[in-house]
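Sending over a structure as structure tokens; questions will come in a sec.
Chains: A, B, C and D, in written order; residue numbering restarts at 1 for each.
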């Protein structure tokens, strides 16, 4: 008989689509989240080993808690909402050692009627989805914010040249190309900043704005360089950020060959390819900030 | 041996992702389309019946033409680009009787740097995808514009009551609910307006704005009613529009039952469901406008 | 004030995911459907025009009926289940003139344990999704069956040559290429066959088998030809079928150019492209069968 | 000025869709992969820090290498193909320290014509997608196989009871429910077995068969228990496997409440929900096998 053991595990309820409406005044506010809660604990092993559920806080209970907390505690920001959930599960059940809580936030803008933002009618913004995670393990709590699906393009100001050539290299050097990517980024907050309290919403707005303006203004010699400068700018903008991780697909836009038709194509007509795509990933860390690899365990892989 | 005949058919190249950059000045402009071209013609039957390709304008040729025309003719608007393609194929090959040309347009906004829109860096807008079609058949040319994936929500100002009850009815009447939908709409331009010329880009901006503000301001007794009022408003706004068709999923937001936890939930915490969803479809026509069912043949079904 | 009218419309509940388990014996059977129900009726206009819901059979009621009927009537086949729904709504509510009912069926195979199919454990098959529709209008009832996402490829036995060349043609002729497509097809049953009763499940199995074997054995000069032969074979196989409609994307597999690396590539290494793709659509009708354009109104467009 | 450093990074070309046809005899074979290649190396930092590409093996070169290797080395199995790529990049470029190579494999079955499998015509199987990864780091090479999207359901033989109840618990205990999941699993091969050589294709077939039969036969008290037993069975079946990781969504099938319609529903009619879903993840390790956390760094998160 083979001898095996249980290794790393977690369980919970994924993708709870909770929408919170604040309607204390005629001018409503809405917060629209997709929340995942998962718990860990050494004592949970028996559910795997023997199907003993005596300590299994049901995933249905986790779901109920998410919706109840949206009422009881509100959702000031996705980060704070996840922190409240983490604190509840870890403190309420003494056999729960920690867990991973994740959120996506879909942002809504007020519909403009006769030049004025409407009180209770909204249109969904599509520029990027906000991300947040809280991971609790070994008595430590780690918080990240982030963004995904922030699609950007520059029609010039991007080069790619000077790379090594081997037997399998056919790519031509270029000093003017379209560069496009869909930014996925996560920034880790320093534990000190989390303890002091952060205006997460203002920070998100500022960081995404800095990411966009840095993408726009860096003359790019490689997507790697743009990625690094974007991370550096985010860290420079906000002292709460200890570290930034990015995954950026290089969404290739190929100059379409119009020469068979007697036409020139000086970077005017492009074919936007789906696959394959470049995939550039990198981490930028603030010098002096303590590393926290535990913060990233089990976070969804970028892209 | 069974005797069969060839019925309706068409063929072409789908989803050509063409990006056109205008770079005559340092302030670049970009147009980003997904174009499908399909041709029809009685003489094409032999390709089906016998595999005789003598008259089959290759789908690869249709692709090349799309990209070449992006250079030769530019893309002032998706509607005009499709009209140019339609005219080319129908006039260049005398055995091509007509066809269907479709486009989706992805809109981009300039990235703002230090308060000023950047010359050549863009972020993709996410509020809806613009649609256009041209159909040529029987010597007639039909043009539609449209939008899809325009997601809207109102947190109050929506009722649903007074419906009939049968053995299978359990739904409770409500005079205050969240109403959310993802608008897909297409508007058909009158042939007269097409012949005179239309500022399609200005029209698209105005119509989508009118759709949003009408959604916001109509006190809704049913999504059907909101749909009708939105179509009426679009027709009222622009004389070029003869007809509007909509498909609107009713994206249900259910009040989460918090009573087991001793909590009230006066329309504050909702569960956003995926499936099933309501699906409301309707057509609004301008009185006196000639009907044109041929315009809609083979258009992608809504939703 | 602009004068407008209500045109074609329908409303209902989409994508009801109903799973029916037959457990009368230890050897369970399961039927897994995605059902959409939509109703029409001239008297429903007031819901659009005035928000008057007095005649609006709630979409929630339609949902309840679908699930209740899965118990009351069972699901012998998707076609028969939709017919039962159609009959109910049209006969139960005298102001309902007709409607459109659609289903997708996901097939499951029994898991094999020690060489024997298990009684109550299943793995989802992935070869195609079964389709069915019933449309009731003007006192007529139309029934179609079908399949989508049936992905096939032949590594030889396909040519494309002899096509016309114009200024925009660069494609090279080939007498040996990979041909791949994802078959979407719908077959319309003759009203006479529907009235007599059809073994829809056996027919589906036979037709999909015939489609596959015809794809395999036809030496293809064009995807158009293959499409026609597949439809002809389906009609030849089953007298119940009056008409077949197909949409077949030509999923391009390009020979990768290995010559820069000093390698030959005699149709051995291919790049499978996503977009653009060819899109070939066609109808094959049985000679003598009455046409029924009303059967196809509002059916989801292929692909 | 903020001081920052570059942390973990990698770059490459993602989702290369390579299809290899073996046509040495009339009975063709096809292998259909989606391959991602990414490289790491301390010396690559300058591409991030300064946009210096002197050591950047272009992602386009990585793509060319993948397609050329499909010809030069063939694709005996995804694991062996990735190993060949890894060896090439690490040995050819002395500044490349390692990398991550990933593959998905889409399986095809021969189309059956007149009871006999066809020589060169295929239909894509849909039961799960095969996975493989190779990670090279610090002079070590780690290999995993796996599967995703293997959707299974049992209509009885599953309970969930005995769980703790708190203020937010409303779930009713059940001793008979539908249990369904979409299995994502990865198994790590021991370095010794990799060195000796493995029949990866035979192993994949055996492991997926064992996973299915274990799912079928375990009377489940919790999805956690089923998950553990499935991993244990895989390890028992094949000595090459050191460790198995699973992510299994609990795809809820809710008994539809038919009591308002006077109908009983003894587990016969279910509503298959989309979101939220349970999400159970776990690792099963062979006792005595050396741990290898480096094997899992940057692997796509399950589900």
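Here is the rule we go by: contacts are C-beta pairs under 8 Å (C-beta built on N, C-alpha and C of every residue); 3 or more make two chains touch, one makes a residue touch a chain.
Being a predicted model, the structure only gives us computed values, none of them experimental.
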- Message: Strictly by the touch rule at the top, which chains does subunit B share as contacts with subunit D?
- Response: A, C
- Taking each chain's centre as the mean of its CA atoms, which one is farthest from the centre of subunit C? A
- Higher number of C-beta pairs in contact (A-C or C-D) found for C-D
- Query: If you average the CA atoms of subunit A and of subunit D, how many Å lie between those two points?
  - Reply: 23
- Note on the structure: Averaging C-alpha coordinates per chain, one finds the centres of subunit C and subunit D separated by a number of Å equal to 30
- Message: On a C-alpha centroid basis, what's the spacing between subunit A and subunit C, in Å?
- Response: 38
- Query: For subunit C, which residues are shared contacts with two or more other chains?
  - Reply: 16-17, 64, 68, 168, 170, 260-261, 274-275
- Note on the structure: Among line, ring, star, complete and other, the chain contact graph is complete
- Task: Using the touch definition up top, name the residues of subunit B that touch subunit A in the complex.
- Result: 16-23, 28, 30, 32, 64, 67-68, 70-72, 108-109, 111-114, 118, 120-127, 150-157, 178, 209, 212-213, 215-217, 253, 256, 258, 260-261, 263-274
- Which of the residues in subunit B end up touching subunit C in this complex? 1-17, 36, 38, 44, 47-61, 63-65, 68, 92-93, 160-164, 166, 168-171, 220-222, 224-225, 227-228, 231-232, 235-236, 243, 245, 249-250, 275-288, 298-301, 303
- Task: In the complex, go through subunit A and note every residue touching subunit C.
- Result: 167-168, 170, 260-261, 274-275
